[in-house]
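Below is a structure I'd like to ask you about.
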Amino acid sequence: MPDTAAVPLKAFALTCSLKSSPAESSAELLAQQVLDALAEHDVTGELLRAVDYNIAPGVETDMGEGDDWPQLRQKMLEADIFIIATPTWVGQMSSIANRIAERLDAELSEKDDEGRLLTYGKVAAVAVVGNEDGAHKICADLYQILNDVGFTLAAGAGTYWNGQAMGSVDYKDLDETPEAVATTTKTLAANAAHLARQLKAAKYPA
Amino acid sequence: MPDTAAVPLKAFALTCSLKSSPAESSAELLAQQVLDALAEHDVTGELLRAVDYNIAPGVETDMGEGDDWPQLRQKMLEADIFIIATPTWVGQMSSIANRIAERLDAELSEKDDEGRLLTYGKVAAVAVVGNEDGAHKICADLYQILNDVGFTLAAGAGTYWNGQAMGSVDYKDLDETPEAVATTTKTLAANAAHLARQLKAAKYPA
Amino acid sequence: MPDTAAVPLKAFALTCSLKSSPAESSAELLAQQVLDALAEHDVTGELLRAVDYNIAPGVETDMGEGDDWPQLRQKMLEADIFIIATPTWVGQMSSIANRIAERLDAELSEKDDEGRLLTYGKVAAVAVVGNEDGAHKICADLYQILNDVGFTLAAGAGTYWNGQAMGSVDYKDLDETPEAVATTTKTLAANAAHLARQLKAAKYPA
Amino acid sequence: MPDTAAVPLKAFALTCSLKSSPAESSAELLAQQVLDALAEHDVTGELLRAVDYNIAPGVETDMGEGDDWPQLRQKMLEADIFIIATPTWVGQMSSIANRIAERLDAELSEKDDEGRLLTYGKVAAVAVVGNEDGAHKICADLYQILNDVGFTLAAGAGTYWNGQAMGSVDYKDLDETPEAVATTTKTLAANAAHLARQLKAAKYPA
């Protein structure tokens, strides 16, 4: 039996804030916390902000000149764990997150030599922030999208923070991370790392 | 021109709490606040708790013996404004609200002499409470259902309260109604009453 | 009593296809059919494809240099009826439609002299196409967004076409418009025009 | 290394049709096809129709006298794979499926000696049918609910069939199972069985 606990893993996270770097972003803060929690499980992580790149509209893996998705996609394919972190606007994931979801549609046509999707065996996770409600709905939408295109979801695949109804406080402006959020993030990381190791050791049947 | 402002209207609200009367219910509290706000616009209201009735599963207007939906439906048909108030569980409307939505499917086959749905000209509104997020999503689901079966939605057709992420405070246990919620409820009532009067005076074309 | 039937109205439709003009678009076809149906009710329409414009990410009415949203927004504000037409990708509205939804968030801060949102009194409608399922969900999401930011939804505010599960036929490639779709589009137009006229004649209370 | 391929597994499926047995049910047909596909992977299955039982409203594991959920829950806890099969009404899962979702909320408080949820290590899957669109949305809602309460989702955790927009054909009335549906069901079964075996052999960390 391979000692899967010892296998190092890679995580790749895309923050889907509407603001370009280096503007502060609540979604980025939570994404970084997910990566920090994963680091405790021997997972090395990379975090990029999607809006800093030109992700062309379309449903091909590469939309041609000027499209930055191929380089982001490459990082996703090299990772064992893929994380989408998004703010909440009008109750929805950001249009940046939606754009990425759209680009993932192309994965349904990309298979390895044995007929498996290239995303098979990868674990996905979701981080949602918002000063108003929306996290459960956005997790639902992203779980469906990510699962449809081949990702696996470990128990507790989402972490999130929402303020009170009609509020205006942002996650990045909280005095400290609420304990319930920290615990949820920690559990997400432990479960995602565990499951990614299992799937790396024993692939889905072709 | 009929002085529509003077036309008295009727509202009927169904609270979709999981607990039978007289247990306290946050959804009922918000539903009552909607009716109170409507009263200021010459709208008389009735509020019932759906779980106190036996609403049979099915998609006919009357599922036969023991089905209480026909009497609730009658009140809905006599009202100008129909309100569904629901708590939030696992991010969704309650199964009681879902059951009512299901029964509304039958309205698609019920028409008046001129071929209009019986719900045409009626305005619907939604009230959602939860100690965690979910209101925008539940409004979305209910708006679609209510609109599909013939109800009209005035601007700002929903009022709601959600606590902070992973919280446990209930709406009924707040020291006072948050001002933003009170204002939202007030606007909902003003707009719903206004629109219901317009539609009563000038029906949709047959 | 103003003869509201004689008041000419304006409609503005944005198609949210991922493909720039002049590529064929199923969403555009359905949007055009909505405008054609509205024309029978004395509504003049304009149809633009959103992806042909640079709609910047953000939640202000104007994101500054290079942002084309202000000119599209101006057309929306001049119209009585606003239509969003979107294709379905991975079960969701397109990222272009999501981007527009996001920009609408700014309307919550824009009011007239009497304190009404600028969207008050305007009627919104939705058109969804997809070779797989998704229309009811996308209508739900868009109804919530549009209603939250001040639009009114007439009975039957959405028209749509979806192919059979796991299918690949596009709306634009059907031999003819299915009768049920044509009827739904016709009803949408009749109800939207009727309601927009009522709201133009009798505004929501300030 | 345990030869996980040889470990027999159990699946438990609940059909959430609105009609009591023995009425024909499209959801039941698809649920049975999922169990048949699982049988090829050494998974023995049991299929019950939820509406044949009295599942009380509430969010406790046992709502007391007359509540049949405890016996259904026991079967769920004894199974390695849990399947919810639901029809689509007004674009939503059935109220019966929603009721089950609600009852699952209680699992968040039920832990083993090491602090793990009792659902940890179990794999969930979803089957959706409808003569109109809705499957992606219902999968989204159910994935979120099931994942929130501790279930793991293998790649391709849902199988479904929807007819064309505004259609009326039922899955049970198709001449034969569409090949794309059969393939999706087969993949769901292969992946769910594989993942359930991995999780049985190597539990999530406590």
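Letters A, B, C and D name the chains as they come in the text, with residue numbers starting at 1 for each one.
Just so it is clear, a contact is a pair of C-beta atoms (placed from the backbone, for glycine too) under 8 Å apart; a residue touches a chain by one contact, two chains touch by 3 or more.
Please read these numbers as outputs of a predicted model, since none were measured by experiment.
Asks: Contact counts by the stated rule: is the higher one at A-C or B-C?
Replies: Between B-C and A-C, contacts are more numerous in B-C.
Asks: Between subunit C and subunit D, what is the gap in Å from one C-alpha centre to the other?
Replies: About 36 Å, centre to centre.
Asks: Taking the mean of the C-alpha atoms as each chain's centre, how many Å separate subunit A from subunit C?
Replies: The separation of the two C-alpha centroids amounts to 31 Å.
Asks: Between subunit B and subunit C, what is the separation of their C-alpha centroids in Å?
Replies: 25
Asks: Give me the residues of subunit D that touch two or more other chains.
Replies: If we look for residues of subunit D contacting two or more partner chains, we find 90-91, 136-137, 139-141, 144, 148.
Asks: Chain contact graph: line, ring, star, complete or other?
Replies: Drawn as a graph, the chains make a fully connected set, so complete.
Asks: If you look only at subunit C, which of its residues touch subunit B in the complex?
Replies: Going through subunit C, the ones touching subunit B are 1-2, 4, 117, 119-120, 136-137, 139-141, 143-144, 147-148, 150-158, 190-191, 194-195, 198-199, 202, 204-205.
Asks: Give the list of subunit A residues in touch with subunit C in this complex.
Replies: 18-19, 51, 57-59, 89-96, 98-99, 101-102, 104-105, 141, 144-145, 148-149
Asks: Which bits of subunit D are touching subunit C when the two form their complex?
Replies: 90-91, 130, 132-137, 139-140, 160-166, 178, 180-181, 184
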